[in-house]
């Protein structure tokens, strides 16, 4: 039996349901994997732990991965794209809503993961929409529904929250304006070391097979309650207590996973990657143009789904 | 003594109540969102819910273990290094800048290294707690051991005291009041260290729980966890403060001994 | 046990200068003196003439600028380092009481025994006996801060005596005591020193005390710091307080006073 | 003096070099990934790149401003509250538990509150820096002001000294060595506070830069920022340590004055 | 300036007990004494009999368990609180030197002037003059730690004198001084006190000194703590050192010694 170590970028939450559910439902065990799930703090930590061979694979942000791979030669490769588009939403108040990307003009915008790529892609989107990004004051805030209170207090004009934050905020209050963003980047990816993959590809194939099974099951499920119950049996996952929001949360996440079609669940969709690399290069966020196909592999997924 | 003890309990209780009332009034008048600052009442009911869940004690135990272990390591290391450097000037010159640098490095940046070396378990959090708690003890020990009066040293020299006797009967009693002040800071730091460590990784402990609560926007729950953390920290702190009375009863820093002047 | 013919304490050409250059203070100049076992000498001299400094050099607490101290054939300062072997038989009472606030009076007195590993019961008993001797009965359990100045000095004296030392250095042990207490303790000290053949150096400002207790009185002067005279006290032992009223004793006091004044 | 000063510089330099060599050897032999722990050489070249970018100095200035302001507030508050509570026992009983609690509360959990009250700008970071730096100063001030000997107080009482004179000529000089030890801890804490504040919110400062670097796994760059942070912190620390020599030249804690014993 | 007929210092039924219950120590019992302006009295008594305590009560540093202290018609302890008004004219020299290590010797001596806002140049000049008077010339810039025990005591005396006080409380000011220096300073003190009509209380263990300097000697006893006798010194002023050799002075010493012994 192979052991498989997987690290999530944050405390276990429903955004990471495919791995959590696959583990809870025993899918990994069925594949002969002894799964070890670790919760990290920060996408960077997840990547670092994978690079350091402490973990076999980890989940991290797509844009950050591309930048770190191209600019800093991080020895990683994307083995799957779990969130096909950005998992972030622009949250603002109904009184002063952000309905289009251009509405961001002149606002103080909070975001959890401040840094070149996140800011860069936002700038890119705004320029694309004909708005001036220089007028936006981007500040770091916690990615938590609590940050909405900063909007309420007038300290911020909008903030970028992940799916859970969005669900929790909009179910807690009725004055939350939500706008999904599609920055053209692959949202969240699973990364692993190429040399580890070469050494023992079967392990990764088994991992992807089980994960895909879980993800597809969630995407297809009419009623998410049994899935949530299963998860809760094995793991301490935030957001499970409130079944109503938990269902919404999981459902919204699942929509993202399948947003490029059910057949593309977990797949690194070539067109998306192509476009993303192009955008990043245009914005000078990556210093050299590389063929997008070098950044990911769908081999493992193909093999996993073939068998 | 009777009234003294009464006042010692009554006064802080009164202050806390005054504070809670001011807080409640502030939340209502300033209309602060409950997502940022709940009222004390909301926190109290969340707290009751929290402590009636038996799971919580497992988390609390983890955090206490981390903090206490880190604290003890910090105290032992801080006192011995402080003592050594107080004795040998060269050691201070050689290593103090180094120690200061280590303190300055943001621990979060080194998180991967901690995990690499110590894993996701308690060890890495104990290390962070010890690292944070070390400096106040060390810094105070250094100045305190230096403050032993040369005339007192001479007495022990003449009495042919061995190093251990010198340490236990002269250096330590002289240094204790100030070292204890450092330990009071350190015990707080070790709690913070444990919590920071739990923020960084792992899925146990009250720090982890706090993050989890925040993500779910259970803000009263978050504050309830903070209250629990604070109570634990205050208990540890009180223990150290008690030590002051037991270990240095002769010193003016012992509560109730000082004179208004 | 030391039956050799050499001196018990040899002070050879000791000199000490504090500070350097312009601020240099010459505390002791070229002091030379031999003491036999059981000798009792007193140091008399103006305030600031270097008495304490000389005692500290003998005890190995201050390094002499020049010269050598030999206690029982061992050099106190060997190659610029204090030899704790040489100073082992030496007990010193300091000019300040130096009691430790974290010990009770009895614990302070018993401290030297505790450091030597003497059992608790025994050292408590001896401390209590000595407390009584120096007139601190009833204050054994008190904190040093509850003692008067003279009481502290007596506690400090008791601490110096408790180990039954072979060499005793006393820096103004009776300075803060009234005449009566002083007389009592003088007698006590004299009998202790005589009984155990203790080699004693006493610093005092009382000419009477110096003459009464000593075999020889060393008169010191400052500016320049030096020994001006060493005067033999030719009074038979055992001495009683009556001696102080005898004419030859009074003559000696006059002689000493003259020596002190001349040396000034 | 000449050799002394030489040793004081040479010794830490030697230690640092020994450390850097050990580090390099470790990275190579243990094959630690450069994405977790770069070699000193990689960091040096990243550092050179960092400091040749003029933008960096703006960020550095922001961090220094935050840390220094926080530190100064902490020192003033810490000394005055420590002094007040040392004088009036009641005040300590009433407010110390409170102060300890405030210290124990994880600042990160209160981040939204800080931003709500003080905004995304410098203010919220200064507050955090001051909050972290306060406790070591306060705790040491409390014990140090208590340690003034009653006999010394009596002298000033007899001389009819007014409170200000008493403070400047008796309490402060007595307390300074220990308060300075607290300030040494505090200056480090204020740097950490500023950085934590920048992690929490805003878009300026070296702490912000560090996070941004980490996001993209520019690990040597991250360490270069940390080196810069550490150098700044060390400079501030050295200033405080220098103060010790200027303000308390009579005290044994002044470097070079202690005796090996 | 106070030309009323009342006493300058009135000590009325002062008593002081330290501690409670079993551990209670009676330090002073029922002490009553009046002093006129310019009076010089000495307190003589065995070590631990409460001399320091009495001085501290007069200075307002220790609260009496019973009785009242009135300095120049003002009560020192008013309703259990020290009146800083009443103690304003009082200067006290403590049994320990209490010099501050962060000041140089001259700065320590000048401290009382500094606290009164006297200009730097003036206070430096006066401190230098006083340092010379007490024999500390050349040590003005030294740190207190570089002084000998007796030198510290003299610095402390200088500090007590620099304000030219109207009431002077001296706690064993000459305990650590040699006979010569002591004589010089005795003369100095006597002339200062006479010139400015200073009301002085001196604690000393030297019977000679007490008799020589005082108008009256107060003999104290311990267990029970009390005043046993107040003895007038019927020697004319101004006095010179020659007085000490006169038979009537010697007789007085015998008388005082007897009183002390009896009271013990």
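Here the chain labels run A, B, C, D and E in written order, and each chain numbers its own residues starting at 1.
In the analysis below, a contact is a pair of C-beta atoms (placed from the backbone, for glycine too) under 8 Å apart; a residue touches a chain by one contact, two chains touch by 3 or more.
The structure displayed is predicted, hence computed values, not measured ones.
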item: Both-way neighbours, i.e. chains that touch chain C and touch chain A; value: B
item: Selected interface, A-B versus A-D, where C-beta contact pairs are more numerous; value: A-D
item: Chain separated most widely from chain C, comparing mean CA positions; value: A
item: Separation of chain C from chain D, taking each centre as the mean of its C-alpha atoms, in whole Å; value: 50
item: Cα-centroid distance, chain A relative to chain E, in whole angstrom; value: 85
item: Between chain D and chain B, distance of the C-alpha-averaged centres to the nearest whole Å; value: 17
item: Sequence positions of chain B contacting 2 or more other chains; value: 32, 35-36, 108, 112, 116, 157, 199, 214, 251
item: Contacts with 2+ other chains: residues of chain E; value: 96
item: Of all residues in chain A, the ones touching two or more other chains; value: 42, 48, 52, 142, 144, 146, 149, 153
item: Chains that touch, pairwise; value: A-B, A-D, B-C, B-D, C-E, D-E
item: Of all residues in chain B, those that touch chain D in their complex; value: 7-8, 11-12, 14-16, 19, 32, 35-37, 86-90, 92-98, 100-101, 103-106, 108-109, 112-113, 116, 135-136, 139-140, 142-144, 146-148, 150, 153, 157, 177-178, 180-182, 184-185, 188, 191-192, 195-196, 199, 207, 210, 214, 222, 226, 229-230, 233-234, 237, 251-253, 255-256, 258-261
item: Chain C residues touching chain E - in the complex, by the definition given at the top; value: 18-19, 25, 44-48, 52-53, 95-96, 135, 146-151, 153-154, 172, 175-182, 205-207, 257, 260-261, 264
item: Touching residues on chain D, where the partner in the complex is chain A; value: 32-33, 35-36, 111-112, 115-116, 119-120, 198-203, 208, 211-219
item: Residues of chain C defined as touching chain B within the complex; value: 56, 59-61, 82, 84, 87-88, 90-92, 94, 96, 98, 100-102, 111-112, 114-116, 143, 145
item: Complex interface listing, chain B residues touching chain C; value: 151-152, 154-162, 165, 169-170, 173, 248, 250-251
